[in-house]
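Please go over the structures that come below.
Shared between the two complexes below is chain A, which has chain B as its partner in the first and chain C in the second.
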Partner chain A sequence: MTRRMVIPGEFITDKKYNLGEGVYREKDGIYSALMGLVDEKENYIRILPLRGKYMPKVGDFVIGNVREIFFNSWELDINSAHNGILNADDYYKEIDTFNEDLLDILAPGSSVFVKIREITHSKKVYVTMRERGARVITGGRLLKIIPTKVPRVIGKQRSMISMIIKETRCNILVGQNGIIWIDGKPEFVNIASRAIRVIEKEAHNPGLTNRIRNMIIKEREEL
Partner chain B sequence: MFDIVADIKKDFIVNLLRSKKRVDNRAFDEYRPIVVEPGVSEKAEGSSLVKIGNTQVMVGVKLAIGEPFSDMPDLGVMMTNAELNPLASPRFEKGPPDEDTIELSRVVDRVIRESKCIELEKLCITEGEEVWIVFIDAHILDYDGNLFDATALGAISALRNTRFPKVEDGRIIYSEKTDKKLPVVDRPVETTFAKIGKDIVLDPVLDEELVLDARITIGTNEKGDICAMQKGGDGTFTQEEIIDLVNKSREKSEELRKLV
Partner chain C sequence: MKIGEPEKFIIDGKRLDGRKPGELRKVKIEVGVLKKADGSAYVEWGGNKVLAACYGPREVHPKHLARADRAILRCTYSMAPFSVTDRKRPGPDRRSIEISKVTRQALEPVVFTNLFPRTAIDVFIEILQAQAGTRCTGIVAASMALADAGIPMRNLVPACAAGKVGGEIVLDLSDVEDNFGEADLPVAIVPQKDEVTLIQMDGNFEKGEFEKAFKLAVEGCMKIYEIQKEALKKRYGGA
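Here is the complex of A and B:
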């Protein structure tokens, strides 16, 4: 099924729907606030944006980059308009903030894979590492993609990403904020990052998983 | 424009360079694809749009009549201004120009001025009273590294494309252009090199610019004489490196000059 493409301010429908992301209601119907594809479900409607910055959501795993250190917290760049805050309490092990310097634990420039714990009304984004899977990232390589394409890179029930991990034997962490970390043999890291770039470009095409698998196998044979 | 780059990213770029590769698979002394489109703006007397890879700069030239400087009563006046548009990069803020903006406009100004490519004495109308003033305005539309080369290339391309507007009773009619061209006699261009670790690369992209230790911009004219130089960054260049880079710059400048 092809979805209808709309631009900001375009009239979508006059049917009654619950409003999802990227739509607003006027007297005579529902309008789009974003450029993207219309996703109509049984009782609600939303826009799947083609591009966009990452908006933090509670429960998302993101890759953040330490940019500043305070007395008992780190400020993270999470590729969004809002910064992430990692409290010393949320580090994966106990820190005695009176005797230990946070600089020695995570210096500016370090990368972490964290979960968003809470977003306050004033849009302070608190992240935590006391969560399965959260960790400090070292080595490997970072890739930045358009955040709205992240679901396609992961695939249904992680089908796409687990296929890439299996075929390239790389460690891959995908942050919902569009930052992807890949670690493994350099040649395989190259293949994996090229595959992810192709997915980003052709996210809307069906049958992508098999094509990407064939592409990886072919490139692997050429090594 | 202060940025913290992830250590992983920096290590990746440095390690890649050590194995003689670059992030976009270019050779160390290779430019990204360059496109120069002169005459993109009808309102300006001269204009040019330059793309180096994803970097995009539009340069416009405006002419006005005004008073000369008192110490140079028989010479025209030239001014360069750069604008780092917030649309071009999240790192650019609006407001008064910051040091990077000023550095960019001064380095571009220097190569145009010191190469003496505009014959300023021909811009004199009446000595000590009226001369033509040349405004070169650079607008950065998209930022992916190496603004110096793109802006300098745009400036000279726009100048060569500039035509005088019609003048009636001492007033300029901007809507009508004459066939008379601005007296531009040289084609100076700039080439920028970045030093990352021990490796030196031409035309750094944004990722490389963020992690560079030092950069050097060399401007040369058609004869190959150096007419401008600017070094940035905390790192250093050795004497041999600079001599080597000047020679390389002369070679590469020929490539750029073919485009204008």
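Here is the complex of A and C:
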């Protein structure tokens, strides 16, 4: 299915819809506020943006990088306009902050896979590791892609990402903020990261999963 | 090389560079030219060559500038030392600070700043080569860079100047016309709402001429708007 591409200020429709992301209403109808593809559902309309920064959302899993350490919290760079805050209470095991130094647990530069727990009114983003799947990341390689392409890398019902994991035998974690962690045999990590780059570049084309699978199989045979 | 004042600006209904009074210079727009910026655009407008880059929404530094209810938009217009005939001393000066300010005010009404509280959106406009009308070229490039960065905005902002040379109202002044002409009127509009977001005037118009020049400038803006739309769609293979 090809979707219509629109640019900021372009008229979309005069039908009545609930407004999703990237659209706004004027007297005579609904207009686009973003460069992207129109996604029309039964009762609401939104734009799938082609580019844009990651904006934190409660419930998202992201990969954060420790930037700063305080007495009982870490500050994480989550590739967004706002920093993530990981309280010592939100670490996956109990920490006695009076006797233990947080520096010894997570040093600046270490990466974590965390879930966004709360975003306060003043845009403080609290993340937590007390969640299934959250973990400290060691080894492997980090990849940065445009955050708006993350849904394509994951695919419908994780179809794309589970295919890549299966075909390359790598461990892959995808943060909604566009940071991807890949761990495995170096040759396979290379293949997986190349595959993800291709997906990022051609996210708007249909039928990508099969093409990527063929590409991975071909590159694997050439090893 | 400085060109002296010409004796006549319009000969046989044609201007010094061969254009008709209501004709634009050649405009070329390219989007997404910089890899490291969140959004970017390159505009060639006659002899003007302008590069614009947009970053954000991102953290505000210094922190006290942040607003709790919206993003702040920061524009920086700067001319490269080699952009003009005599070397331009690098760094901000009175003129570029003014143009930064009017550019910001031209773009602010279209950007949905309320969606990104406590953040900053930075736009940098770099004039690589100047030949009359750089502020309009800068605004055109900046609005394209914003759109390319995926920042929600009401509309693109086209800009164009009209002026008076040799007693006649003309569109899009060239450098000679700008230096020795009688008046210059740069205008930026929001096409969809018929709003004016930038209007400045240098020189004098006679009664009634202003309106004529303004109408001509808006017509020029609409032509630029078409080129902007086309350039943005072209980036992803049209549709």
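By our rule, the second predicted complex is superposed on the first by the 223 of 223 C-alpha atoms of A that agree within 3 Å, B and C clash if a C-alpha of one lies under 4 Å from a C-alpha of the other, contacts with A are read in each partner's own complex, and residues count from 1 in each chain.
To be clear about the criterion, a residue touches a chain if its C-beta (ideal position, glycine included) is under 8 Å from a C-beta of that chain, and two chains touch if they have at least 3 such contacts.
Note that the structure is predicted; figures quoted are calculated from it, not measured.
After superposition onto chain A, the partners chain B and chain C occupy overlapping space and clash. By the touch criterion stated above, A:S111 is placed in contact with chain B alone, chain C being left untouched.
When the two complexes are superposed, the chain touching more residues of chain A, out of chain B and chain C, is C. Contact with chain C, but none with chain B, is seen for A:S122 once the two complexes are overlaid on the shared chain. Looking at the shared chain after the overlay, A:G29 reaches neither chain B nor chain C.
In the superposition on chain A, contact of A:P8 is made with chain C only, not with chain B. Once chain A of one complex is fitted onto chain A of the other, the partner contacts of A:W181 are limited to chain B, with no touch recorded for chain C. Within the superposed three-chain model, A:G133 lies out of touch with both chain B and chain C [touch as defined at top].
In the superposition on chain A, A:N65 contacts chain B only, with no contact to chain C. Stretch 41-49 is the one of chain B that runs into chain C, the other listed stretches 23-31, 41-49, 95-103 or 221-229 having no clashing C-alpha atoms. No residue of chain A contacts both chain B in one complex and chain C in the other.
Of all residues in chain B, those touching chain A in their complex are 4-12. The residues of chain A lying in touch with chain B in their complex are 65-67, 77, 108-111, 137-142, 181.
Listed in rising order, the residues of chain A touching chain C in the complex are 2, 4-5, 7-10, 22, 24, 26, 31, 33-36, 49-53, 55, 81-83, 122-123, 148, 204. Partner chain A is touched in their complex by these residues of chain C: 38-39, 56-59, 68, 110, 112, 116-119, 147-156, 191-192, 229, 232-233, 236, 238-239.
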